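Below are the structure tokens for one structure; questions will follow.
Note that the chains take the letters A, B, C and D in the order they are written out, and that residue 1 is the start of every chain.
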Amino acid sequence: MRPFLAHPFDDDKLHEECGVFGVIGMADAANFVALGLHALQHRGQEAGGIVTYDPSVGFCSERRFGYVRDNFTKASVMATLPGTIGIGHVRYSTSGSKGATAMRDVQPFFGEFSMGGSAIAHNGNITNAESLRKELIERGSIFQSSSDSECIIHLMARSMGRTIPDRFEEALRKVEGAFSVVAMTRTKLMGVRDPLGVRPLVLGKLGDGWALSSETCALDIIGAEFIREIEPGEMVVISSEHGVQSHFPFRRMKPRSCIFEHVYFSRPDSILGGRSIYETRRQIGVELAREAPVEADLVCPVPDSGTPAAIGYSQESGIPYAMGIIRNQYMGRTFIEPTEQIRNMGVRLKLNVNRALIKGKRVILVDDSVVRGTTSRKIKDMILDAGAAEVHFRIASPPTAWPCFYGVDTPERSKLLAATMTEEEMCAWIGVDSLKFVSLDGLYRAAGEANGRDNNSPQYCDACFSGEYPIAPSDMIEKGFEMKAAE
Amino acid sequence: MRPFLAHPFDDDKLHEECGVFGVIGMADAANFVALGLHALQHRGQEAGGIVTYDPSVGFCSERRFGYVRDNFTKASVMATLPGTIGIGHVRYSTSGSKGATAMRDVQPFFGEFSMGGSAIAHNGNITNAESLRKELIERGSIFQSSSDSECIIHLMARSMGRTIPDRFEEALRKVEGAFSVVAMTRTKLMGVRDPLGVRPLVLGKLGDGWALSSETCALDIIGAEFIREIEPGEMVVISSEHGVQSHFPFRRMKPRSCIFEHVYFSRPDSILGGRSIYETRRQIGVELAREAPVEADLVCPVPDSGTPAAIGYSQESGIPYAMGIIRNQYMGRTFIEPTEQIRNMGVRLKLNVNRALIKGKRVILVDDSVVRGTTSRKIKDMILDAGAAEVHFRIASPPTAWPCFYGVDTPERSKLLAATMTEEEMCAWIGVDSLKFVSLDGLYRAAGEANGRDNNSPQYCDACFSGEYPIAPSDMIEKGFEMKAAE
Amino acid sequence: MRPFLAHPFDDDKLHEECGVFGVIGMADAANFVALGLHALQHRGQEAGGIVTYDPSVGFCSERRFGYVRDNFTKASVMATLPGTIGIGHVRYSTSGSKGATAMRDVQPFFGEFSMGGSAIAHNGNITNAESLRKELIERGSIFQSSSDSECIIHLMARSMGRTIPDRFEEALRKVEGAFSVVAMTRTKLMGVRDPLGVRPLVLGKLGDGWALSSETCALDIIGAEFIREIEPGEMVVISSEHGVQSHFPFRRMKPRSCIFEHVYFSRPDSILGGRSIYETRRQIGVELAREAPVEADLVCPVPDSGTPAAIGYSQESGIPYAMGIIRNQYMGRTFIEPTEQIRNMGVRLKLNVNRALIKGKRVILVDDSVVRGTTSRKIKDMILDAGAAEVHFRIASPPTAWPCFYGVDTPERSKLLAATMTEEEMCAWIGVDSLKFVSLDGLYRAAGEANGRDNNSPQYCDACFSGEYPIAPSDMIEKGFEMKAAE
Amino acid sequence: MRPFLAHPFDDDKLHEECGVFGVIGMADAANFVALGLHALQHRGQEAGGIVTYDPSVGFCSERRFGYVRDNFTKASVMATLPGTIGIGHVRYSTSGSKGATAMRDVQPFFGEFSMGGSAIAHNGNITNAESLRKELIERGSIFQSSSDSECIIHLMARSMGRTIPDRFEEALRKVEGAFSVVAMTRTKLMGVRDPLGVRPLVLGKLGDGWALSSETCALDIIGAEFIREIEPGEMVVISSEHGVQSHFPFRRMKPRSCIFEHVYFSRPDSILGGRSIYETRRQIGVELAREAPVEADLVCPVPDSGTPAAIGYSQESGIPYAMGIIRNQYMGRTFIEPTEQIRNMGVRLKLNVNRALIKGKRVILVDDSVVRGTTSRKIKDMILDAGAAEVHFRIASPPTAWPCFYGVDTPERSKLLAATMTEEEMCAWIGVDSLKFVSLDGLYRAAGEANGRDNNSPQYCDACFSGEYPIAPSDMIEKGFEMKAAE
């Protein structure tokens, strides 16, 4: 049932769980949604779904395992998704069930109410989902999935609101967490971003139509103009007649968007918080070169996520930039049902060292983050096998020492290398000549905060580095997660 | 029947038609062959095949359309390929039939002789294949494919040689062209490279076993040591008992290996002719910066093939290197059966401009080659849409003005932009501020020939640039191809 | 999405919409359910589903389009359905949606309540489903399917009952119609039959385990003993500890089971109402021979459904029985996506006349029923083409003049030949020498009612023949269906 | 690779290995070939293939595992088979390889000669295939399959004949055995039947076109007129210009067609040797009733192959005919990859006893043949479980005591029940009250030979019953098969 395994070293990355995209007022909306989801594929590769509405047919839905390009491009599939309004979703995995019945967890979700149907797709995590779910079941709701986002549609079903947007707003008031949601009715596209704005959501315009997207790169692919970000806590209702209308269902709070979007999740060609993701990453490399210089012959990225910071490091340090590690472009997702022997090849299936270049050289390797550290160790082995004289790791984020509960797939705390070791211990465990992480302040500076982190009121959510959780992860605490002791 | 379409702008690249790989003396040989083919996937993505031999089962064969990673990794498939000896093949397309019956053209080919069976796989082109085929058919041979490599197996079947290696050698004496072949019997791995060494073939060693491969990067993936290149005109017969034995069936000639392997075909982490492919490409960028300097703000590669030359250009010119164009990693091959609307998206499905970076800048774009020029035009449009102030194209190869008849898929001459336009005309047609190609001498210098091209006796085959064909393309001439007039 | 087309002349039969089967107390319950569903495949060929429960895994579900033998027999599929309790369903089509989203309508349906989960599968029709559905949606239930049986699970979810059987019983009190339902909890198998007993349901025993089935033939296949029919209006709750417990949630009524089960729906080797289906059908042939004798040379069945009545006709009349029409055993379901030319072959793909036998003969053709009459016409053409001297049609049921609203797929009334023509007109339209239907009384006599039909209180539901509907088809009346005027 | 298992009790039948069909002069020939093969599906269910020729495209071929109805009916497949001439083949299995590479053995086979291509399809066995093959390989032919029919195409390739029909005739002179072949060139349809006429082949006409077929039932399905049988030893060459031309390449012999075609292989609606297959089978029942009467209540066929003989037995004996065993119509081929538990269900998946009918009755079961006897035993068990008072088996063929080497899949001799037991021993082993086979003379009488078998010069090939092989099975004798000692 599970058509794909994860990447051989995707185990060693944090994963954004989802990307969302929606359009209104565009002929053959499903084609635009498919293109948008293709541009957001990095946010989730396991499955995808599209819902559209056409007056002559009603709501139409396709949900599939695998890549957008393999599913939502065939003329035969797209013909089943008529209409000028549609939303879609890509997902990495789920806070819900694993295995055999996972198709039922593929979004968007759909509900038929007495005044018509509504579909929703969700990126993030509802931190009080379990208690909401328990209460709804006790009152007679039947859940079809194990996904926390299904709560929203049941809350809408039980709302006394007269219109679907009213019901959506009412439902949102009951949920807590970090999330971006796109939703649709027969005639309206809706979107909402959590009060802290942890998860991103942007608004675009194409002709008379509108688009909502997790990232701006998906506006680019359909040729839409990037208008603005949806504000933290803002709910928008978009219709062909009334354009974009803003609602603010939540109590206002000081925004704290996710800093890891800048480090790794978002695509380098997206713009977030008014800044180029690529430029922020390059600037992290500059900060790293300042904070952690070292004499060496080459600066090499761990492809592809370490590339912008490696460029920055090279430019600041003057040490030549080089492609010391080559990525196999045909890796895609990993081998399906591989034999044991092939499975053990691990990282080699994806990467190869440029031996002629590396031999005898002092090499600085720049990677975006260290999660479990297992990949770093394998890459170090490959580099040393190829005859490198020295290996220096430079990491474009602070040590990842805390799990994320806001829609990101993180290993449990004990599996995070930085949760159990100091920087020196990590360096020894990985087995390199030096290992340095950019400082939290350096990261904030690269992200545009000239004075670094405001520790009294941090500008970003950086719980994965700091252990300071801006939203209480109540379901997790109930399950025994221990928060960082107040200092 | 044709499971994949070509890339939206793969039309605008030359394509290596095949990669070959073989091993002997390795337990579960098929796994090694699969890994080797995965590393050679860039040489052919349409189909692949593996043949192995196991004494208890006989010869075993699997041939499939699609990627190695999707076909030759499932435990159920690999279980059908037992044995310690095996050869494999990936192919882009074929000089043979198109369409419905193409599976019969997927290599390796197999023949049963009175003294046992033999399988062969082939990269390149046999230039007298059509006349050989005609003669063999007249004498009663039945061809199962439209591939020119099937000639070799029929020549072997009709040989009076007592052993299969004898028959292989005898067959080779009758074929002309540019080719690398791997072949196997029940106990021997064989390989051969054409007299000019146009197509590459290398020898590796792993434990007591041996490997033959189109490129060294495929030795790396299985952890084999790169021993040496097979010499132009050399035929090797490898057995567990006698190791590697060399034969020279052909008249000796001055080697002229393919220079386009250095420009584009080979992977950057391969070593060819004693040189790092990556380093040669970076050096082409250095030569370009010297030959065709221009004032600008950024040097951006057209990903991924332009990257090494862009790095070299940046390093030589001092103009900062930047990722101005971002590649969608989930493109893989293009959309299957796409709707018209999606098909028209063309290059956008694969590439996006890093708008925040490019806006208002003077940009140097570095690409490896210009074939039809259609992609260059689209990329220029994207860059200008993003607000670039100036666009300067720098091409890491001379103008491609002549088709290749040695195993490379080239458009007919009239479709090659450089066959019908001067550099100035091309610049105007593409619509950029300047367009410059590296000179043929610059390319030779980057490839290690300090004095450039020896026009009396060129060191490489460069027919695609110079129109000087070192092997008469006899089948093509019969069909009316007009050679360049002697000067 | 629709993997199968209907039979070329299945259009011209009435179709049972479903078969249900469930077991408790049997190791690897899913295997038994699969076998039972295979034996019930004639009741529905479009799709099937199985739900099981295993304490270590929870509820497990597989729902698929196509035949049981193709889906629910693979070791890989069955391994996902562990446990000693399970229910299953085969369906022909649905009163619900057609086309793209039909998978969501494949039963069994599942609901998670606060005290645990429950799955149900249903054969028949809930005649007040639409008003129930409307009310449930208004109160906040979200329907996942368009099937009327989903109402039951939502009624259960909203029940205040303390146990699932209590909730099931409470839900049943609110539904009207003709239905047999099997349901399960983690530890109990449940079944219910509508108050009139229109749709069948039987109880079997195998070792310490129990089975519920639409027909006895499915008990035979698993080797279970046929214990008794579930009584009209009876609900049974079966557990390993307490065995079979009976409840009677409905007001008691005089039973009127479906007489068409005896004519066509049930398999000839099933026992229903204490009678052999085969014997009843043979006896219909005897009645027909008495009511409608004719001089002829051969009695031939229209295979396979006319066979038992043809045997009876031959035995009563003394005219030899012969296989004048041969069925192609490899027809199965019809051709998938056939070309127009093949589609037009229609009945010939399935049947061929035994020309050498028929030529010059006076032939009596015995068929079970006439629905649209189109097939009868084609068969007549084939028989005459083969040179028959005379063709006499004898039909083993009265004229089908009224649609069924109790779980049977019937054409709308205007498409029923007998709704618009007299017997003489039908004879002329089909183009045969004579056409006779068994009388309603003759049919009742064959079904064991020695005195024929009790017109004051008919022993069976025969609405399709008589237009007398024992349960008001309220949803249909609301949509404009005109009942037969009282006489 | 092997998509289908055999029937659970197909092990206990002899199997015709193939059916062939070809047409010329019909628009969209492939549709007619597909229909013909569908009608011949009972002669081979494992795989099928069609070759056509269209001047604008050349020869086109599709070969697939599975049923005709599943493969050769999709518009997308049929569109790849254009032209007005075509041949096709269905096969049960092969005298060639088993398992992984079996696709290469699926016919028709194709060869390209200097004067154009030719395709052939073959039903039967070439008894000197192995020595021919050995010789051809030694002379340089490369075999692509393990099928003996590939010899013919290689003999044609090596022939000096000027036209393809000349080459076909020359090749045929070198082969021995029992076979029917259809073949085609770009403009001619050819057919041949072995000198004894063991395997059948008939000629039909439709409009201006012609058809060749293994049986007449396949002419019926396309609406073609049955013209005549191809004579034993006759080769026909059919073209649009010259119509049907006869050649006689072989030495003339007294015909001895296969009597088992009448017993089991051919469809009951086919005409063979001027007789209705159905009528012959019914007449065997009449002979059986005369030769082996017994007092009983019911005569029941083992469906479906015992049906005509059971009708005859009932008519001759006056004992009522009844459907005591019901066949599951949805069995098709057996379960794919079944679980062990389901596999063990064996015959129950396909058959069920009509318990209500059988209980307490003395039952005569009529089957067509006994091969291993294992199915007979299981059916007896089922009948006794259902409460039959007595069980009498009557078999519509003599004891099958010898394997067939003429294109029929037979177990080795030691597995044939009648090769190791007397009639009495078989009766005891199966466990029935009586067991009787029709006599060889009775069978011949039923097949139209009023005086029974002419033992000096038998009218049919009956080697499977008599052990008298009209063609020396030379390859088998070389492998150690012991012929019956001359008496």
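Assume contacts are C-beta pairs under 8 Å (C-beta built on N, C-alpha and C of every residue); 3 or more make two chains touch, one makes a residue touch a chain.
All values reported here derive from a predicted model rather than from experimental measurement.
Engineer: Starting at chain A, how many touching-chain steps does it take at least to reach chain D?
Structural biologist: Minimum step count, chain A to chain D: 2.
Engineer: By label order, what chains touch chain C and chain D together?
Structural biologist: Common neighbours, chain C/chain D: none found.
Engineer: Could you tell me which chain lies farthest from chain C when each chain's centre is the average position of its Cα atoms?
Structural biologist: Result for max centroid distance from chain C is chain B.
Engineer: Across the interfaces B-D and A-B, which one involves more C-beta pairs in contact?
Structural biologist: Of the two interfaces, B-D and A-B, more C-beta pairs touch across A-B.
Engineer: With chain centres defined as C-alpha means, what is the inter-centre distance between chain B and chain C in Å?
Structural biologist: Distance between chain centres, rounded to whole Å: 62 Å.
Engineer: Roughly how far is chain B from chain D, going centre to centre by Cα mean, in whole Å?
Structural biologist: 51
Engineer: Can you compute the centre-to-centre distance for chain A and chain B, using the mean CA position of each chain? Integer Å is fine.
Structural biologist: Distance between chain centres, rounded to whole Å: 37 Å.
Engineer: Scan chain D for residues touching two or more other chains and write them down.
Structural biologist: none
Engineer: Taking touching chains as linked, do they make an open path (line), a single closed cycle (ring), a hub with spokes (star), an all-linked set (complete), or other?
Structural biologist: Its topology is that of a ring.
Engineer: Please list each pair of chains that are touching.
Structural biologist: A-B, A-C, B-D, C-D
Engineer: In the complex of these two chains, what residues of chain C are touching chain A?
Structural biologist: It is residues 1, 60-62, 80, 100-101, 111-114, 134, 137-138, 140-144, 153-154, 157-159 of chain C that touch chain A.
Engineer: Could you please specify the touching residues of chain D with respect to chain C in the complex?
Structural biologist: 28, 31, 34-35, 38-39, 41-42, 45, 67-70, 73-76, 78, 217, 220-221, 223, 267-269, 271, 275-276, 278-279, 282, 304, 307-308, 311, 315, 320-323, 326, 328-332, 334-339, 341-342, 345, 348-349, 352-357
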